[in-house]
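See below for the structure under consideration.
Order of writing sets the labels: A, B and C. Residues in every chain begin at 1.
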Amino acid sequence: MKLGNAKLEEKVVFFFLFLSTLMIVVPVVLVIAVIISRGSSVLNWEFLTAMPRSGMRAGGIFPAIVGTFYLVAGTLIFALPIGIFSAIYLSEYSKRNLLTRIIELAIVNLAGVPSVVYGLFGLGLFVVFLKFGASILAGSLTLAVMVLPVIITASREALQSVPKTFREVSYSLGATKWQTIRHAVLPHALPGILTGAILSLSRAAGETAPILFTVAAFYLPRLPKSVFDQAMALPYHLYVLSTQVPNVRLELQYGTALVLVGLIVGANLIAVVIRSYFRAKKQW
Amino acid sequence: MVNTDQKIQIQNLTVTYAGVPALKNANFFVQENEILGIIGPANSGKTTFLRTLNRLNDLDPRYQYSGEVLIDQKDIYRKWNVFELRKKVGMVFALPSPLPISIFENLAYGPRRDGISNRKRLEEIVEQSLKAAFLWDEAKDRLQESAMKLSGGQQQRLCIARTLALEPEVILFDEPCSGLDPISTAKIEDAMRELKKKYTLILVTNNTKQAARVSDRVAFFLMGELVEIDQAQKIFTIPKDKRTEGYISGRYG
Amino acid sequence: MRKYYEFVVEGLIFISGIASIIFVLLIFIFLLKEGLMLFRQVGVFEFLFGEHWYPISEPPRLGILPLILGSLWVTFGATVISVPIGVACAIYIGEIAPGWLREILKAGVELLAAIPSIVLGFIGLVTLVPLVKKIFHLPTGLTALSGSIMLAFMAMPTIVSIMEDALNAVPRGYREGSVAMGATKWQTIRRIVLPSASSGIIAAVMLGIGRVIGETMAVMMITGNAAMIPKSFFQPVRTMTATIAAEMGETVQGSDHYFALFAIGIVLFAITFVVNLFADMSLHQKQARV
């Protein structure tokens, strides 16, 4: 009898847990479905490749797409080397000591700093102090600092998952420490590092607050010519369309959202594919 | 006393890990072109000793040693450059440990790190090493395949070939056949008998029969202590120490 | 030659290793550099507890109490919504769902984490806001409530994924022992698994809260941004993050308003620093024990 009650209680509780899960997953599916169904109506070649016209109420989003690509590329150029080297330090060089603990705390902290505070930081350091002005350079650097913890954490995990034997074999063949890292460890951590890079890329592509004061141009219907130019960017463009410009067709906004989400989800899917491909291929 | 036949001399060697002794005051030598078998139960200090010889223990920050190890009359800690030492003293690990790259690149790994990048020269080295490890016939047509596709026994011979590619003088074997079937084991043992003509071999093994089959001399370690070292025949027939006898007879009977 | 090369490389590795510390310090320094300028004009107390934020009146009044409270209100609302649902979802995904369903649900949660906040803000603006307005018969749907619901969704992926890790870290043997003694799965989860994972769960909640406090774009778009001391969830509020994002573009560099926005940045940085520190400490506590 008592056991029967416990079983019943379990059924009820599990049902509510399941409902809660649906409360997260169903809205996600709905959001994606709405964006696709309403955004795809404006999605055509012109929308992707034309300049915006009539105060952004018509035309395409080409400069925003290009701007986002420039920003993402710039972010990776700065963040990847530092992030990977930092991961190498933590995985291969650091000892269990106070310095390592402080570095770990700093990484956790960087990951938790609000995106708008990154915007302030970028404004203060890159735009004003280093006099880069609001520019692709300043925006990329700001985003690079922001995604650093993502790259470090993923790369460190990837490096640490390389078996200890590989290092010992390399040393036993007379290799130096750097040779060992470069030739026996790094190549085998590459898939994991790549995954982290793609995730950080999609994070950089989607952020708005850090680029608000460091690079984003409100309405700039031409392409940037140098890294010291301002640029439009997809997330900021969506913000402008949905809150700053009156009477923009909703479809145009959905279309912009669709392109942005498409890029990001696409990048994430690639990361998942890379991860599972190499996991299946992994031979150790 | 300088004896040029003595390739390696171990003098008062004591090793500790995080303060716990792993090897206690060992004194012996290894003769040139012999196979020295090292036997003893688990945790008796055999592998620790082996990894001292190519200074692989250095990688563990808890490792400390005292005493001296001389190779070619030169102290490995004070007179040898550690990277030169490791080229001179090759090592074959307990489990086959090819890197997940091609057979060719596995063999070229050491020479490349040593600064050899000429393709022809590397091909020569690969061929010679494979031949010396009796793997050439099986591997010559699949050099670009992943080394992971070889069988366990082939992988282990690949690892032998990989150390040979650096033209070492001493080769350390750390229980090289522990994961292999009897046929693969026999092939490795044949290779070792052949190799000792050119190299000095030290074989750590849990398998006393194997030690008896291939060793010229045998050392018995127990709890970090070198109990006895002598001609293989003598160790296995008339051991001086009761503990040696106990270990061997326990294994045999 | 090779030695020299390696020396340079290892130097770079070490510098990169401490780069995170350098950047945290740089962020702190540049916030202070601009933010502290404010306090030559305005007292710290007046800034933190001033009830009026009229940055462009003459003279400007730069009290951020309404903004702090605005942030706290939406954070509180989002926490109340997201913690129970997030925890329940993590339990379901981590302990109950069969393998195939788990992968699907996890993908859904990860998808939510991947959607940029600007997109969620936009969708919230065109769907959630009118809905709130209609259901509660309000003059505007741009309210603290809308913001809380929106932020709750943005906190959930963090809560779910970190808590699921914590549940996974509970050794199998604990569960098997309990089930072997005749407990049901739910009894096992409640009495054995959840208590063992408690510090991880606390960390998950803390990090979720940290995410909410720092969230900017979505809140700015749907909370209405009225800088008043909030009295109800059905009124517009304005958060600290939204204030910075909305006003920085309109300030004159070097004005008190400009400095005040950086000073708000200091407050935000300090809050998230503490929250993340606590979260990390409770995670490490767990690691030390297991």
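Everything that follows uses one rule, which is that contacts are C-beta pairs under 8 Å (C-beta built on N, C-alpha and C of every residue); 3 or more make two chains touch, one makes a residue touch a chain.
Keep in mind that this is a model prediction, so the values were computed, not measured.
> In contact with chain A and with chain B at once: which chains are those? Just list them.
Looking at chain B and chain A together, no chain touches each of them.
> Going by C-alpha centroids, which chain is farthest from chain B? Tell me that one.
Of all chains, C has its centre farthest from that of chain B.
> Closest chain to the protein CA centroid?
Of all chains shown, the one whose C-alpha centroid lies nearest the global centroid is A.
> How many angstrom lie between the centres of chain A and chain B, each centre taken as the mean Cα position?
48
> Any idea how many Å lie between the Cα centroids of chain A and chain C?
17
> Please report how many Å separate the Cα centroid of chain B from that of chain C, as a whole number.
Taking the average C-alpha coordinate of chain B and of chain C, the gap between them is 56 Å.
> What residues in chain A touch two or more of the other chains?
176
> Mind pulling the residue numbers of chain B that touch at least two other chains?
none
> Mark out which residues of chain C touch at least two other chains, giving numbers and ranges.
In chain C, residues 2 touch at least two other chains, as defined above.
> Write out the stretch or stretches of chain C touching chain A in their complex.
Per the touch definition, chain C meets chain A at residues 2, 6, 9-10, 12-21, 23-24, 26-27, 30-31, 33-34, 84-86, 88-89, 91-93, 96-97, 105, 108-112, 114-123, 125-127, 153, 156, 160, 182, 184-187, 207, 210, 213-217, 221, 241, 244-245, 248-249, 253, 261-262, 265, 268-269, 272-273, 275-277, 279-280.
> Sort out for me which residues of chain A touch chain B in the complex.
95, 165-176, 179, 183-184, 187-188, 283-284
> Within the complex, which stretch of chain B touches chain A?
Going through chain B, the ones touching chain A are 54, 56, 59, 61, 83-84, 86-87, 90-91, 93, 95, 97, 99-101, 109-110, 112-114, 146, 148, 162-163, 166.
> How about chain A: which of its residues touch chain C in the complex?
3, 6-7, 9-10, 13-14, 16-18, 20-21, 23-25, 27-29, 31-32, 34-35, 81-86, 88-90, 93-94, 99, 102-121, 123-125, 128-129, 145, 148-149, 152, 176-178, 202, 205-209, 212-213, 235-236, 238-239, 242-243, 250, 253, 257, 260-261, 264-265, 268
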